[in-house]
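Look at the two complexes coming up: subunit A is in both, with subunit B in one and subunit C in the other.
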Partner chain A sequence: MKNVAAMERSRLCVSEIKNKQRRHLMFMKLKQEKRKVAMKKKKKKERDALGDKAPPKEVPKTIENQRVYDETTVNPEDEEVAFDEGTDEFSAYFNRLTNPKVLITTSDRPRGRTVRFCNQLATVIPDAHVYYRRGLALKKVIPQCIARGFTYLMVINEDRKVPNGMVLCHLPDGPTAHFKVSSVRLRKEMKRRGKDPTEHSPEVILNNFTTRLGHSMGRLFAALFPHDPQFVGRQVATFHNQRDFIFFRFHRYIFKNEQRVGIQELGPRFTLKLRSLQKGTFDSKFGEYEWVLKRHENDVCRRRFNL
Partner chain B sequence: MQHDDVIWDVIGNRAFCSFKVKTKVQNFCRNEYNITGLCNRSSCPLANSQYATIREEKGQCFLYMKVIERAAFPARMWEKVKLSKNYEKALEQIDQNLIYWPRFIRHKCKQRFTKITQYLIRIRKLTLKRQRKLVPLSRKVEAREKRKEEKALIAAQLDNAIEKELLERLKQGTYGDIYNFPIHAFDKALEHQDEESETDSEEEEEDDEDVGKKEFVADDEIEESDLSDFEDMDNLKAGSDEHEESSEEDESEEEMEEEPEASGSKGKMPLKGAVFRKKRAYVEIEYEQEMEPVPKSKAT
Partner chain C sequence: MADKSQVCSVWVGSETGILKGVSLSKKQAFNFCEMSCLSRDQEVCVLGWGDEHETEVLVGSVNGTVKTFSTEKGIFTETRQCGESTQGRFTGIAVTDSALITCVETGLLRVWKEGSTDTVEINAGTNVCRMRQNPSQRNQVATGGKENGLKVWDLERPETPIFTSKNVRNDWLDLRVPEWVRDMSFIPDSDKIVTCTGHHQVRVYDPASPQRRPVLEAHFGEYPLTALSLPANQDSVVVGNTHGELAILDLRKGLVRGCLKGLAGGVRGLQCHPSLPLVATCGLDRFLRVHSLEDRSLQHKVYLKSRLNCVLLSSKDLELSSSAVTGDVEEVKEEGGEVDEVWDTMEMINDQAKKRATDEEEAVVTGVEKTTKKRKVVK
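For the complex of A and B:
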């Protein structure tokens, strides 16, 4: 019904266009649409006519379907992975020995946007402290942080007055991940947002971290938040990986009934792209890199992703 | 023979000197052997037969002396002496080598040497500090990444994914007994085959826990403030109390109708939700329709 109405409207418009070329173009478009509709109908008829014998409906190809199989994809029952995870740097967290405590700082001389971003991050992550950098060297900062019991060091790098990079360093001796940050949206800029997040610990959702590398990323993010989320707060922080981009969102949810849940976005949102993962704490010159983003690797095959 | 005055007269005052840089106030000399850097009668390396400088190469300082006898062979004209790394010793070396030379040149050499050592020290200090590495961005690559990100965002369908995940968690029971939906209660009833005792036990449990339970008035107030996030409730809140009761009755009627739809033919509903519903009344009606139905109205 809708289509017919639209078509009628456009038909009227077509005949009223004085310019011959344009009129011709619009008419061609109209014809094309009509043809499409007719094709669809025909196909449907054929399918119905064949009934059960009809070939199965073709699934459209998406980049996710066509993704090149990565041999490092984690199988849930894999013992080696389970063993590794039992003994890696995050095992302390996952065995509930430590509580996360995050230190957020920036590069030198941060501008207003970065500072606000840091503050908002601090509200999202429970037990996060923001400190000014004041030109200190990270290598000197790290032993001090360890001494004061921090488990994470997060450095937001700034370029041209916007945050564009993040170094996330797990403290006692943990891996350092360097991300490219993009599409930062602060709380003011969110549409239809809710009130500020409360102090309750949020739940964490980690989506689509399939490969080994993705798995370790997932653990990295999970260890930022305390173990036991307070369901009272009804807040959820999501890290969703899609085609190597990690989207971070922070929502408040409410269950309307068994089948429906409403979510409302609070808090900042940003996207991360992993640039490098280094074993050990931050040491860009002499550190041992587990994985580094090399652009030409991804240029070769567009269906290959790492996370 | 070298006629210094003539040379100076020509290059300094009258004609062109390729090393001279003229500014509004000062004249500078760009000759690499110049000791002060200014274009003066006494500092011009071309117009002085007795001349010396200090120059630095890769952290090593040398004293260069002009040997005017070799003016015909400019490549071999300058003699160089390596100065020691020790500051005082180097100053002594300068003195020794430039003994009986004019005061001006000796003084300026030492001054220049001091300045050079100071900046070498600074270089060494700075290299120990953090060095910023500038990474060039390629415009095309950045644009490509941006486009990929947008497409990935569309493909991700974040809201749907989050909602699905939350519902799954609800189904799996990670939230425990916080949320009481009729279907849940019915399933429990099926499992245990003892609904009343079960609901009683649930009530008791929830009696103990204050937070997050929708049955109690106190908790409902908390829920209210949370729900007010969802839309602008300020207007409604003002006139809420009066509307509450009237809407309540409407609610009950609606819910009676909604009941069979919402729960299917699931049978008994838990006894909770009456108070909850009352407080919820002035918040969106939408939610209300899908919330727990009226317990009194046990449809048979």
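For the complex of A and C:
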């Protein structure tokens, strides 16, 4: 119905365009639309005519479907990888020896948007403290954080009044990840959002972290939140990885009955892209990098991803 | 186990303490360890050949033990305690005339003689990053580290080094240039030593010349250079840095001849093949890569699941010529044949069949050719 109405509108407009070239282009577009609709109709007729003998509907090819098999994909029964993960820098958290304590700060002289973003992040992550940067050097901040028992240092970098980068450093000697942050939506800009998040610990969902690097990232995000989520709060933080972009969403859910769930988005939303993972605490000049994003090497194949 | 270790041409030590052997011709990697007693303090710091015929691999771990692995038998034959973990990690291991030379980060260089428990000790300063042995004069070793310049020691005269390098002159602001030697190598057929530093410099020292300052200095990149190796027959050097950038530098003028692509993590170990133009690299991205030096292309890429610390190449031919193929070709020739054309066609068919057979062997690890085949299957 909608298509027919649109076509009628444009048919009238085509004859009224005085410029021959533009009129010709509009007409060609019209004809293409018509042809498409006709093809669809014909295919549907053929399919209905064949009935049961019709060939199954072809699954459309997407970049995720065509993803090149990555040889670093973790096999769950792999002993060596299990040992590697069991004894890495996050093993203290996963063995329940430490509780997460996060320090959130920004680059020097942050503008309003970044400050509000940091405050909202602090409500989303339990036991998070926001401090002003005041021009301090990170290498001097890190030993003080370790002394006061912090397990994470999160630095939101700002450019032109908008947050655009994040450095997530696991303390005492853990890896440092540098992300590009984009599409930050604060609470005010969310449509149909619920009330502010409560103090309950959220559940954490980590989607689609399949490769070895993805596993490290997943563990990095999981260690930000306390071990035991408080289901009373009905809050969930989701880190969804798709095509090497990590989407963060924070929702409150409610089970209407056993099959249906209603969700309300609260809290900020942002997307992250990993730029580098450095072994050891923040040391961009002399640190050793475990993985660095090299754009030109990634541009070779559109179907190859790292996380 | 023994047949697995005899085929391996590349040995890699990992952070989880596992010694891995890789056979590039068969495209397979093997772990040589006991899975039950793995621990992080057995992390492999250094690898070295135990003898000239490359039948023994010496594995130095963080807890101070040096294990000997026999490539013919496929098992660890000996374990020696050469210091404790409090003395620092091993930074170099070498063998001369039945004596084992080890050096740790705190600067203690020791020569462990076979049979006797006393050792000859040399204090090579503090913060030593690397110790290497001169391949032509086996009793000379070089050490260098952070704020610890290059020193060449003769083990017969352990009191003073035979060559101590001097730092370069103050820079244009009249400030002292910091020194950080990360890796060094002796240039064959001469006295010279080439070092790479943590301040992205490559320097060549000549003990024969009267000046103790470097004879040549070259720069590459903006990140610390972690490993260095000399290819055969050329005056060039291959260096790797913490960002995974590998470059071939020319030592005549100090210019970059080309870069090798593919690495995503910091280079921890780098070695050029003694005769073929190949270089093997291992690093924090858990891959072993073999590049060809002539066209700078990637020949082999092996995923090895743990972060890799050091790599050791054997001098035997790494390529596809496995012993089975050469044996059968010789038999065909021996059977005799007067008509050369017929024989030529017969040999070619046999070779193709053999190549198909070797390709179809199951691969734990994929080489470059294998990945293209897999892509075709997926599509």
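Rule of thumb we're sticking to: the second predicted complex is superposed on the first by the 250 of 307 C-alpha atoms of A that agree within 3 Å, B and C clash if a C-alpha of one lies under 4 Å from a C-alpha of the other, contacts with A are read in each partner's own complex, and residues count from 1 in each chain.
Heads up, the rule we're going with is that a residue touches a chain if its C-beta (ideal position, glycine included) is under 8 Å from a C-beta of that chain, and two chains touch if they have at least 3 such contacts.
None of these values were measured; they are calculated from a predicted model.
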A:53 in the overlay: touching subunit B, subunit C, both, or neither? Say first, second, both or neither.
neither
A:134 contacts which: subunit B (first), subunit C (second), both, neither?
neither
In the overlaid three-chain picture, which partner chain does A:87 touch, first (subunit B) or second (subunit C), both, or neither?
second
With both complexes overlaid on chain A, does A:191 touch subunit B (first), subunit C (second), both or neither?
neither
Please determine whether it is subunit B or subunit C that touches the greater number of subunit A residues.
B
Determine, under the contact definition given at the top, whether A:279 touches first (subunit B), second (subunit C), both, or neither.
second
In the superposed arrangement, which partner chain does A:160 touch: subunit B (first), subunit C (second), both, or neither?
neither
Where does A:79 make contact in the superposed view: on subunit B (first), on subunit C (second), on both, or on neither?
second
In their shared complex, subunit A is touched by residues of subunit B numbered 129-130, 141, 145-146, 148-149, 151-153, 155-156, 158-159, 161-163, 165-167, 169-170, 175-176, 178-179, 181-184, 211-212, 226-227, 229-230, 262, 287, 290-291
Which subunit A residues qualify as touching subunit C in the complex?
68-69, 71-72, 78-81, 83-84, 87, 212, 279, 285-292, 294, 297, 306
If you look only at subunit C, which of its residues touch subunit A in the complex?
15-16, 18, 31, 35, 38-40, 198, 223-224, 226, 242-244, 261-262, 264-266, 268, 284-286, 303, 305-307, 366, 374-375, 378
Subunit B partner, complex, touching residues on subunit A are 62-64, 137-138, 182-183, 194-195, 203, 205, 207, 231-232, 234, 236, 238, 240, 242-245, 247, 249, 251-264, 266, 271, 273, 295
